[in-house]
Amino acid sequence: MMKNNVYFSYGTFVSPIGIGVDQNFEALKEGNSGIQAHPSSGFNNENWFFAQLNNLEGNRYDSLLKTALNDLKVNYSSSILSSSKTLFILSSTKGNIYNLPEDVFASSRIIIQQETGNSNELIIVSNACISGVIALNTATDFLRYSDYETVIVIGIDVISDFVLYGFQSLYALSDQPVQPFDKDRKGISLGEACGIIVATKEKPTSFSVEYLGGASSNDANHISGPSRTGEGLYRAINKTIERAAIDKSSIDFISAHGTGTLYNDEMESIAFNRCDLQSIPINSLKGFYGHTLGAAGIIETIVSMLSIEHQLLIENKGFNELGTTHSLNIVTKTQQQPVKTVLKTASGFGGGNAVLLIQAAV
Amino acid sequence: MKVLASCFLSPFAAVLNGTVKFQFQDDNWLKECYHKLMLDYPKFYKMDDLSKMAILSVELLKENAYLNNFNKDELELIFANSNASQHTDVKFIDSYTNIGNPSPSLFVYTLPNILTGELAIKHKWYGENTFLIASKFDTQLFENKLKHAQMKGAKHCLCGWVDSKVEKNGTLTQESFLFLVALNEENSTISEELEALFKKYKYLSTEKV
Amino acid sequence: MSELKETLKAQIINQLSLEDLTPAAIADDMPLFSEEGLGLDSIDALEFIVLLESNYALKIADPSQGREIFHSVNTLADFIEKNR
């Protein structure tokens, strides 16, 4: 099988705790979470917690996308962005949700074309919470097997009454800031963010990681309830390791999904144990950013890249005591540690699971 | 790559491998199709229209038997549409703005990829899943994804274009085009074949037939 | 009470889109959430909470409370009678 190298480098990262990758890294090191109380935000005026961006004007989705693209333009020349050999992929669960019942993806196509001058058809991945990881795997496929030099992957979702009320109706929201994998966890905190990763065939001069492999798998069990055996995640992890052709003992760190619901985190602990990965340091970043849906896989991969660049594991914010039936090696405080190879996982509605492996580029 | 079997559903007719299989009279054409296919899967009624169309389309395709022969991990699902879950999104908004309370069973269908989840559950397919949004039926997008699957060692993909949109006047625009592709054949292109099938099936399944 | 049960059956069919069922096909003591009964799942249980809130102004704060209440039409009717 042909296997050309693919490299990921930072595009940008706009979140409630920072504009740009550097600001986000500083906030993570300081332990600053973006999750705050929002009084009367619920359908019956409940006091929910979520991580919301300030300073988005007009249509908040369009504003966030433009902010991120403007920051991207600082670091990437217009000749790269507008090139016919450059493809854009958008990862989003709900797109410009404020535009319903009209097309929620139309504005993204227009804004990306206007801001970058790129006229290739925008590829849009909408695979619930695993969209980000699927989009990165898809980007790599386009570089390896289609005729592109650069694929720019944008992960974005915003908070809306729609999504907040929806998770409320599922009794999936926590009335405290989210506590992934903790014994007192009560559910998710929502978040909003936009992260961009630039994938290339050529090794860039700036910091990059090498993509080793990725896969997806379906639980084939329930559309909203996680599998009780971790079936899909187990299969996706095994397939990823097989495709990457590495020994799993070389994995230094796992960036998990860890939404903070009772059943999701339990399912992940079962899958990681079935794969015999339970002793590898693992975290969920939801305690910093909340669940950012289609952006999650992208922003969490960016933080994994930061961990590789700076040899620093970030704490699993909100965690005190393990609350899953199977053991996990949760990163309880931010610490220096050799990190070369990272496994990133995601699981979501529709029974989907997606996984990828990255490694420090040599 | 080669199309082994294909089918098309619209509110007017069901087409299988180039032949009109049924025409629908009932306004609730999805329920009519369910009965015509003699399906016994009570969960069907709880699904959104995208999932219903996908489930029915696969039942139609199954008449060719191909679909029964796959290992659990073998079949890759590549689905797309242009309106994501707009139809259910509108219903969900209605549940909390007009009816009284946000409906959990509607909310879980406000993601287009739920339909691939429903297919996976019914047929115990654990393989790779992707759901993409394109402004129109995009043969090049499917061809690219098929090529990627082939390069990664897949042998068969089940692809689908399943769309349901509520128009401004409240009417629905719905269509479901599924095709099973074998990746081990010699042809490296499939775009033209798909374009021709889509056009032909759209014509066969319009009211005029 | 029997009138309430009949109303409930119609409301269940409507709320859960069980289109092919008739109220007569749901026995008062049929276990709604087991495969031998109606085979409902966790999302349906949440819809029962919505049903009770919308039609009977009854609130259930914790979904795990629902398990016993939603066991059958009998238990649902009992709960409504006692609490409204």
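Letters A, B and C name the chains as they come in the text, with residue numbers starting at 1 for each one.
Heads up, the rule we're going with is that a residue touches a chain if its C-beta (ideal position, glycine included) is under 8 Å from a C-beta of that chain, and two chains touch if they have at least 3 such contacts.
Remember, predicted model here, so these are calculated numbers, not experimental data.
Peer 1: Looking only at C-beta pairs that count as contacts, which pair of chains has more of them, B-C or A-B?
Peer 2: Here the pair linked by more C-beta pairs in contact is A-B.
Peer 1: Using mean Cα positions as chain centres, tell me which chain lies farthest from chain A.
Peer 2: C
Peer 1: Counting only Cα atoms for the centres, state how far chain A is from chain C in Å.
Peer 2: Measuring from centre to centre gives 39 Å for this pair.
Peer 1: Cα centroid separation between chain B and chain C, in whole Å?
Peer 2: 32
Peer 1: Distance from the CA centroid of chain A to that of chain B, rounded to the nearest Å?
Peer 2: Using C-alpha averages as centres, the distance is 27 Å.
Peer 1: Would you give the residues of chain B that are in contact with at least 2 other chains, written as numbers and ranges?
Peer 2: 101, 103-104, 108
Peer 1: At least two other chains touched by the same residue of chain C: list those residues.
Peer 2: Each of 43, 46, 50 in chain C touches at least two other chains.
Peer 1: Using the touch rule from the top of the page, what residues of chain A touch 2 or more other chains?
Peer 2: Counting only residues that touch two or more other chains, chain A contributes 169-170, 222, 224.
Peer 1: Please give the residue numbers of chain A that touch chain B in the complex, ascending.
Peer 2: 1-2, 43, 93-95, 100-101, 103-106, 109, 121, 123-128, 134, 138, 141-142, 144-146, 161-162, 165-170, 215-224, 231-232, 235, 243, 349-352
Peer 1: Across the complex, what residues on chain A touch chain C?
Peer 2: Going by the criterion above, the answer is residues 169-171, 222, 224-225.
Peer 1: Quick one: in the complex, what on chain B touches chain A?
Peer 2: Touch list, chain B to chain A: 72-73, 77, 82-84, 86, 89-90, 92-93, 96, 101-104, 107-114, 116-118, 120-121, 123-135, 138, 140-141, 144-145, 147-148, 151-153, 166.
Peer 1: Which residues of chain C touch chain A once you look at their complex with the stated criterion?
Peer 2: Interface residues on the chain C side: 41-43, 46, 50, 63.
Peer 1: Which residues of chain B touch chain C once you look at their complex with the stated criterion?
Peer 2: 31, 42, 45-46, 99-101, 103-105, 108
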